[in-house]
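Going by the order they are written in, the chains are A, B, C and D; count residues from 1 in each one.
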Amino acid sequence: MLRFEAALAEAEAMADLVPSDSAKAIGEVCHNFKPDWRALAEGLARDGVVVPALVRQLRDAVGEPHDGFVHWGATSQDVIDTALMLRLKGVLAIYLRRLDGLLFALGELRARDGAVSLMAHTRMQQALPFTAADKIDTWAAPLKRHRERLRVLGPQLLAIQLGGPVGTRTEFAAKGDVVANELARLLDLPAASPWHSQRDRIAEFGSFLSLVSGTLGKIGQDVALMAQNEVGSICLPSGGGSSAMAHKSNPVAAEILVTLARFNAGLLGTLHQAQLHENERSGAAWTLEWMVLPQMAIATAAGLEKARELIVSASFVASR
Amino acid sequence: MLRFEAALAEAEAMADLVPSDSAKAIGEVCHNFKPDWRALAEGLARDGVVVPALVRQLRDAVGEPHDGFVHWGATSQDVIDTALMLRLKGVLAIYLRRLDGLLFALGELRARDGAVSLMAHTRMQQALPFTAADKIDTWAAPLKRHRERLRVLGPQLLAIQLGGPVGTRTEFAAKGDVVANELARLLDLPAASPWHSQRDRIAEFGSFLSLVSGTLGKIGQDVALMAQNEVGSICLPSGGGSSAMAHKSNPVAAEILVTLARFNAGLLGTLHQAQLHENERSGAAWTLEWMVLPQMAIATAAGLEKARELIVSASFVASR
Amino acid sequence: MLRFEAALAEAEAMADLVPSDSAKAIGEVCHNFKPDWRALAEGLARDGVVVPALVRQLRDAVGEPHDGFVHWGATSQDVIDTALMLRLKGVLAIYLRRLDGLLFALGELRARDGAVSLMAHTRMQQALPFTAADKIDTWAAPLKRHRERLRVLGPQLLAIQLGGPVGTRTEFAAKGDVVANELARLLDLPAASPWHSQRDRIAEFGSFLSLVSGTLGKIGQDVALMAQNEVGSICLPSGGGSSAMAHKSNPVAAEILVTLARFNAGLLGTLHQAQLHENERSGAAWTLEWMVLPQMAIATAAGLEKARELIVSASFVASR
Amino acid sequence: MLRFEAALAEAEAMADLVPSDSAKAIGEVCHNFKPDWRALAEGLARDGVVVPALVRQLRDAVGEPHDGFVHWGATSQDVIDTALMLRLKGVLAIYLRRLDGLLFALGELRARDGAVSLMAHTRMQQALPFTAADKIDTWAAPLKRHRERLRVLGPQLLAIQLGGPVGTRTEFAAKGDVVANELARLLDLPAASPWHSQRDRIAEFGSFLSLVSGTLGKIGQDVALMAQNEVGSICLPSGGGSSAMAHKSNPVAAEILVTLARFNAGLLGTLHQAQLHENERSGAAWTLEWMVLPQMAIATAAGLEKARELIVSASFVASR
């Protein structure tokens, strides 16, 4: 949010809407700002969004004569939504790295164990023999598609939001698009027309998250089934201890992948409910998004890391 | 499914896996086939999938000496999943047409009423004035993105499925890819490696459906709010009669858009649960997909048509 | 709905709000009424609820001088909601019978196979030995609780709805409660104050449905796991044939129980969204309820029957 | 969890399964125990459940010769599930208190503003006049039913879980029920047969939570609609400030009730997915429950408090 406010002032200075000195003063304050967290929390509870309290603190810190130019022409949603995109940009990079890491681990496993003979199962029954390479390929193929989806998704998702109070950029007179383009350049995000009441980007991103965790959950389900004592076609390191049965070794990482997949699938249904914004801004739908999206993003990242740990520790065992 | 079986035999004949005469005989039977529906229903209940009963009937109809080549090398899921794609291809064309129709109607409305002055509302409160054109633009923008999504989605989604019993194409000896490519050509669908246990395409398509209905639900919500007697900034034709209050005119089409959006959002969460296929085929997850996806597809199509009807009948009224 | 309209007129005659002759004429028409289905469908599409069109047809059929007393003082929601309760009363009786049937089948299975030694599994791994009776008891216990829940639920759920246009019974002057109590007596449902915008009864009923199908899904999951070739601790009759692998016998009924459980769980989340009625009646939320509840009710009934078939056909096999 | 371990040892001492001195030593350690949190976290990550690491620490703290009697005969799920019930007992008391508080506030509002004339709205349109008392009654009636549901739910939900590794109490020889009953008495919870793989109690509790938040969401939706500037039939204290529009006062508390209702409704669908435990314990389903239930419980409690704040601050304004 501080990066947004600093860049906004700078963009507005370039468009001659804000004095250069004011933009510079705002930028410096934002760079070193230490918020009064308690006052932010109280403001959030009162206003339903943290921005009014934050802007108030920033204006106090900037002081006269520049304080009037803090947050100039913008609205809470411009800050929150653009700040979300700044953070998601880093999150997407993590996903890409973890997808690569998981695919690499699957490649290593395939190189080592690919020729192991396995029994394929359809509808929970033995079907016909195939190999570990065949199995691994069914895990890797959707992950490769997700990597491609991520490459396409990034530029569509990561757009700045700048609309002003009702999304028309009227506050910037004729210079709205100039400010928006400059803001985008400064924040290194694509420019976009105001989209604050159009949540398709967010809902589509949530879908991506659930696609990834769904694929991981399928891998986890397969591993848990193959690791059954009676099947024994995959071997996991000991771990997953029991408080009552010393002989047990539970497939904890595999279970967690199933859990995260079902968790994200359910949350996706809720996130899509949040598409129904009333008119130019919905406090209710927006808050719902806040409650759902972060959990989904974290669950996806955790699943990718957990899946890699699972794969690097697993070895296939020829079916009897 | 009949188109699949006919094309499969033909593709296999081209690959010298099936005699040409057999392929021709199978093609003719498929072209004119009248199933015993009751026996199909019984087969579905017994086998959990209709294909074994259908293949049995087809083999009887084809007769000796060709009957052994019906469904040769394929499995139930090859038929069902590819037949789904054949139908979805037509469904996607309907969506494209209806998106175009709705965007056209919005354009007409904008041309006629765009200059009408409205009050924008944020968080259910009056914010600042803007125009009907501003409002309409927030409805049209995501629809345009959906049209673009549809163009990208089609070629990724509409792939043939041909894998044989466990998805390895082993039954076709070295000619699996030849048969698959020829099958794809004959059915005018993209070729793809077997994906029967990888449901990301289906889950992503469901997400598209919920994105569309979510946008429509937002339009419906806006219209219902603007059509409130106390607001009166949109005028709908009379209709939506009440059995008790003759003076009422309920915004039925707008309400339905809200309903369909919430319906599809919820179903999307369930569809994504169906990503967790156990091993090489999950009867449970696959059946869940069958119960959810068709309703979502229909709800989306109905919403697009209902939205167009709503828009062509609406007119904006300047805010007081 | 016809039963409601007839009983309403009769109750109103008892309260001297409607002439006895009119009530009698209305009752006779309702008893033999053949609707114009096409006109009902058109009315439903136009009004968002079928009642205005139905009342129009009834009034035409009743004719002068009694037609003005058809649906007197009531609103669409009184008809729809009370008619739902009349049907649910029969549905609950089906559930009770099927729960009894399933519990009986489990008792028979326990009597025959209860002493069979099984391996218990926790977290998908072998734990310690126990018996088929121990396993069956974990299936039966929640079903017995569901039977008890059903007994408690019935009288709370199955209440008449009579409120008039805005739920205040004002239309009946001082005789609203008299009419409501008489209506309840005639329809053999409990009386209740108007509840049309309070959907907790419906949402709670949906929860019951998902509790039942959840228990059945757990049974199905257990059976599918035990029926794995490698485990083989439950034996199912052959069936569940494959179009490609003659040796297979798929646990179709068990899979379906899993499917129905996940289907109902997801729909429950959507049904609970429909609790948010705006003001005195929500077209959007009410329609959502119509789209979700019937599927859930059917899925539950189907699951109970499928579960009984599964149990009567299964036999336990001692773990190796 | 510490209370459980202390009471278990004491109950086992009463049943002569554990020496009295050991039970006393265990009880004292549990009373003053300071865990090594980092080691607990590592244990949770490794074992998928915190109990093995906790028991190890407890045994170390108890030391010889009593350490072997810590957690004697019990399994992780006995600890976790019973500890959940101990906490939920307090949570239910909070709900009851907050329901009472909210109903009291509604009663006060009704006493003061009940006679205010309002316009009722059905399907987002003006219907007929009624009063603030009529409106408040539709809010209070389901809350009163929830209070009754809570009274019935408590004794059914809050049962101890004691089953041992596979839920058969075999470890306690013939004294399983004696230990269980004594444990229940010591923890002041109802006794129950082992239910660890039967999650209907939890799923039903989740449904209760969503019923409560659904009712509150309906109140919030009504308030937000009535607080629209154009309607103005409810007056809220100023607050809900905007960063861009000084004149605005957003109905933040009302919006949050809508948010929490949609949040809980969606999570309920996911919680019900967690009913499908595989065999005698499902790591995947159990973990899913852990991720969903606490959020729902907190959202419900927050909603009740937020609703009370909203009601005490609101006043009705006669419809124009």
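The working rule: a contact is a pair of C-beta atoms (placed from the backbone, for glycine too) under 8 Å apart; a residue touches a chain by one contact, two chains touch by 3 or more.
This one's a predicted model, so the numbers in the text were calculated from it and none came from an experiment.
Peer 1: Which chains sit in contact with both members of the pair subunit C and subunit D?
Peer 2: Of all the chains present, those in contact with both subunit C and subunit D are A, B.
Peer 1: From the centre of subunit A, which chain's CA centre is farthest?
Peer 2: Ranked by distance of C-alpha centres from subunit A, the top chain is C.
Peer 1: What's the distance between the Cα centroids of subunit A and subunit B, rounded to whole Å?
Peer 2: The mean C-alpha positions of subunit A and subunit B differ by 27 Å.
Peer 1: Go ahead and note the Å separation of the Cα centroids belonging to subunit B and subunit D.
Peer 2: Subunit B and subunit D have C-alpha centres separated by 39 Å.
Peer 1: Enumerate the residues of subunit C that touch no fewer than two other chains.
Peer 2: 48, 121-124, 127-128, 165, 224-225, 240, 242, 245, 250-252, 255, 258, 262, 265-267, 269-270, 273, 282-283
Peer 1: Going by the contact rule at the top, pick out the subunit A residues touching subunit C in the complex.
Peer 2: Interface residues on subunit A, with respect to subunit C: 121-128, 224-225, 227-231, 240, 242, 245, 248-252, 255, 266, 269-270, 273.
Peer 1: Mind listing the subunit C positions that touch subunit D in their complex?
Peer 2: 48, 120-124, 127-128, 130, 134, 138, 141-142, 145-146, 149, 152, 156, 165-168, 170, 193, 195, 197-200, 203-204, 207, 210-211, 214-215, 217-218, 221-222, 225, 258, 261-262, 264-270, 272-273, 275-283
Peer 1: Sort out for me which residues of subunit D touch subunit A in the complex.
Peer 2: That would be residues 46-49, 51-52, 55, 71, 74-76, 79, 164-165, 171, 220, 224, 239-245, 250-252, 255-256, 258-259, 262-263, 265-267, 269-270, 273-274, 282-285, 287-288, 291-292 of subunit D.
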